[in-house]
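Can you keep this structure in mind? I'll have questions shortly.
Which chain is which? They are A, B and C, in the order written, and residues in each are numbered from 1.
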Amino acid sequence: MTTKTLVPTEVHAQVQHFYAHQMQALDSLRFEDYAATFTEDGSFQHSPQAEPAVTRAGIVRELVEFHKRFDGDPVQRRHWFTHVALQPQPDGSYASTVYALVVTTRPGGTPVIAPSCVVHDVLEVTDGEVLTRSRLVTHDQMFQ
Amino acid sequence: MTTKTLVPTEVHAQVQHFYAHQMQALDSLRFEDYAATFTEDGSFQHSPQAEPAVTRAGIVRELVEFHKRFDGDPVQRRHWFTHVALQPQPDGSYASTVYALVVTTRPGGTPVIAPSCVVHDVLEVTDGEVLTRSRLVTHDQMFQ
Amino acid sequence: MTTKTLVPTEVHAQVQHFYAHQMQALDSLRFEDYAATFTEDGSFQHSPQAEPAVTRAGIVRELVEFHKRFDGDPVQRRHWFTHVALQPQPDGSYASTVYALVVTTRPGGTPVIAPSCVVHDVLEVTDGEVLTRSRLVTHDQMFQ
């Protein structure tokens, strides 16, 4: 590894800001907004065992389905990110590897932190606009 | 939501660095330094139920008062931030929405993480200098 | 404290990206890669009581030794960082003060978060390349 990566500083800063808006959309249950942060043919796989959801419409359907488990269970989930590490790909996209924690709070409760995940994204960055082409989330408690 | 925000990349990076210094000042109990990160007429409301503290002197008084609960109770608090999402306002300021966790450690103990909060700031950014005009902190365990 | 620090915005962004790659190397047990993020004569002291490991070879040896405690104990550790606060030093380097949490997950388990630390680095930044000259980690549960 050379410690000097070949990623423009500006791209790293743009990606951080992109993730802030993207994940606040998800945690606010604005699924259309979240899906709009993917490319039209984007792919979202929330665990290695899951079928990937593809296209923006498919991602919205997946999220609606997933969140049915919280019907009648008021809960605020928040996705924490740290260490956004980018690697340029031959086609001009960026591989992005990010640590994620899910923080869940219920009324009157204290936050529960689980699981510890790693987000593996492929990002397209054009003129400061970032889109997620694909996302695979791995989970630390599932050892290979 | 367009995923391409209208915030200069540099401003987002400056705000992240600003928060690092601001919150390390707070956690080091340098209340004058923390208050100096607000505008002269700044407002700081640490929960929706609290009266806002206004002006730098008022913010220092509020913090001195709040921390009396820790007299004789050695404690290290740290405010963790992630996902700094900025939105430009018509008057040139930025609305900043940020996730925050309070991490508390006592001598010999393990960190206790609570509560999960959202920081709602209005920031003034001039020539790379950032100041907080107003801050409201909401708490996830208090559901609306 | 002036809230306008004398650190170029670009340097702060570069340091954030540097830390992402550096700490993902450590957590992936790529000790040679981690050591390569230090200067040739770099120093790494993981607690105030420990002897500092010096030089890249010395840092690798220290990490190999430290991780023997996990032999036969499959564990995924992750180092979370927030609030990277830089201060320029007279010699052109930067003092970097960062909050760190260690997040540990075992197979089938939930993440355990401890300890809460502060990383005190001296960084050399040349043409966008960042190297750690020295690192001292303090631990919040050890009160002075």
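Details
Here, a residue touches a chain if its C-beta (ideal position, glycine included) is under 8 Å from a C-beta of that chain, and two chains touch if they have at least 3 such contacts.
Since the structure is predicted, the reported quantities are computational estimates derived from the model, not experimental observations.
Note: Cα superposition of subunit A onto subunit B, rotation of 120 degrees, nearest 5.
Under half of the residue numbers at the subunit B-subunit C interface are used by both copies of the sequence.
Taking each chain's centre as the mean of its C-alpha atoms, subunit B lies 25 Å from subunit C. Among the residues of subunit A, those in touch with two or more other chains are 10, 13, 16, 82, 113. Residue ranges on subunit A touching subunit C, taken from their complex, read 1, 3-5, 7, 9-10, 12-13, 16, 82-86, 97, 99, 101, 113-116, 140-143. By the touch criterion stated above, subunit A contacts subunit B in their complex at residues 10, 13-14, 16-25, 30, 33, 36-37, 74, 76, 78, 80-82, 103, 105-111, 113, 127-131.
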